[in-house]
């Protein structure tokens, strides 16, 4: 397909919104499924590494990068020294730091390249992914697996109608399911870190940006 | 509190991760609750306005801004001409465009200021918020309410332990619940738009960035 | 003007590039002019405040925001704890911090609003601007004036041809002249800070991101 | 060097600012030098390719990336359909597009990788660099050379004092000289494009973001 910035302006009237509701329900089912499959030993190891690192760096491409940023913001609220790879004042990574990569497929080219550099530096690399045996999975100190559909699964070009009867049923397209489950998981790690550190919500608020 | 970039490096060993699991379950319950309370007429109006706009602009501060970006990226994959307010090549908003603001409290200063400008231009303003009667809610053409805890609710500074027995139980801190539910909701709008437009997953892939 | 995303694809062949050369020469003349007009007492005060602050925050909208980021990156290379307002892990500003605003006109709405908040917090506010008597100029602790054309000067809609015979001759459009001079000035502040701190180029390189 | 976030707060009082002035003068000399060395045939070819492309994409890492964004913003003001690689709503690159890479050394790993992908897609690749014979230079359709010091030149770790008597005299550290000259050059390309297209300053203002 070459470019087609087609006009949507002739579509409608919108008569129902049942796909919105069924998609939300599918996402909930998917989260419930992942909760059952989480490896609690890996979660504990990941929490310990985050607590042990001198600085925390997060990285991800596209929507996984947005999830990485959302996690980094909360870590900052908790008092961690944390940076997003690629932002303006992000310093050099050192061996005592921990780097967290988010990649549904574990194969995102730029992130895998950075992962190799991180391992050359000698830092701890944690990858949050749905694919344990991926490029990033293989080089990471901890692979935190959130099982499920990644961007390149089911990519035969079938319509989403067809997918309703497939393995991933009513889920939104591409890596959406992974991105949501990784946000839910990482925000829940924050809840655990709050308990571990003994933080209160007002501690978090005191660090929240006051000039936005 | 003046600044205290305290060291986490003495905390541990991490012995359990039950808060991770209970937080994930609370998030699921929260999504299920919101599904029941959604106003389907507002959803249909919002979908129609998105289809009718010449260009779509999204905006939000902090983590709500990240959710706005995640939504914008998928709209682009669907073939919409869409921009994030504040990014480099975002052009001027015109009266035929639709602007979508994401704000849990509906009171974020910078976003409310921009909302007023948007209404002066004569564009359509849609606000996704948990507070219908907020500053942004009052000036918007459509207020898409996702009910629940916003950043400034329950801000008496109590520990999260205390919150477990409060209204919001085990939810992660600050605006987390709203940010997750807004991502889940907007990704589900995408599922509906795919049906309305008749797009396939391979259409979306063809527009997905090929240089990341 | 409503929207006109016109096609450039029929323009050409490009026969000369004399405007490129004359514009570069005009920019050089403009820098030379500003060098003569700089207030050295203000420069010294600005340097001292940057050295005295606990953390440094920078902010600006549009291209001035890009200049702010370029400056912040070098301050980080020098070992300062520095943040860009609006980036992911930027913490709360405290009274012992210094905030540097870049605004050619000194009237950028969002930046002026943030400037007022900064002064309410009790932090030091430095504005780099071409307009001493602007909104931001009036509330700042230090106004570092870089004299010259700002975005809203000469905005009668005349063609740039006409401007060649005007006050600003051959300068590029809008706030370009200010943005360039502010980058040149701030990079030269870095040269002075290097001397003051006694840094070497290899110190800077050691802090330069190693994962890009 | 492992990490040393040292305190600057004991340095001063700042007694002079002569390095600021001499650095600014060195930057001016450097721009003057580059003006003489520019290849006007390459400039014309670059202008023609920008006019001929369906969409324009810009990319760069670090401060070169900020220069790329500053250029992209002005191209948008001129009515081009232009995107920054890595921003939220940047679509897929197609063969009819032109991609402009900014890299002083021409060796930035991530940008060189993307350059190779761009050439595989069949798009036009223009690199703005100080090194014609670099990795990026070798694979580009047009290499726009801005001669001078790049980040990795003179990296023996000598103090900048020493550099005063070296080849690059009083220039600010790392790739600063290239970043400034590339901004000056690209803004001057804009001046030429304005003439070629017949735009007025009010045309540009009409496209300038109205919600910042």
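Order as written gives the chain letters A, B, C and D; numbering starts at 1 within each chain.
Everything below uses one rule, namely that contacts are C-beta pairs under 8 Å (C-beta built on N, C-alpha and C of every residue); 3 or more make two chains touch, one makes a residue touch a chain.
These numbers were taken from a predicted model, which means no experiment stands behind them.
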**Prompt:** Which chain pair is joined by more contacting C-beta pairs, B-D or A-B?
**Reply:** A-B
**Request:** Just send me the rotation angle from a CA overlay of chain B on chain C, rounded to the nearest 5 degrees.
**Result:** 180
**Message:** Please tell me whether the contact surfaces of chain C and chain D are same or different in residue numbering, using the over-half criterion.
**Reply:** same
**Item:** Gap in Å, rounded to a whole number, between the CA centres of chain C and chain B
**Value:** 32
**Asked** When the centre of a chain is set as the mean of its C-alpha atoms, what distance in Å lies between chain A and chain B?
**Response** 16
**Request:** Go ahead and note the Å separation of the Cα centroids belonging to chain B and chain D.
**Result:** 35
**Item:** Residue numbers of chain A (touch at least two other chains)
**Value:** 54, 69, 73, 86, 91, 109-110, 206, 208-209, 212
**Fill in**
The answer for chain C against chain D in the complex is residues 1, 4-6, 8-9, 11-17, 19-25, 27-28, 31-32, 35, 38, 40, 43-44, 47-48, 50-54, 61-63, 66-67, 69-70, 73-74, 77, 79-81, 108-110, 154-155, 157-161, 163, 170, 172-174, 176, 179-180, 183-185, 187-192, 194-197, 199-206, 208-209, 212
**Request:** Write out the stretch or stretches of chain D touching chain B in their complex.
**Result:** 57, 59, 69, 72-73, 75-76, 82-93, 99, 114, 117-118, 121, 206-212
**Prompt:** Within the complex, which stretch of chain C touches chain B?
**Reply:** 2-3, 54-55, 86, 91, 94-96, 109-110, 113
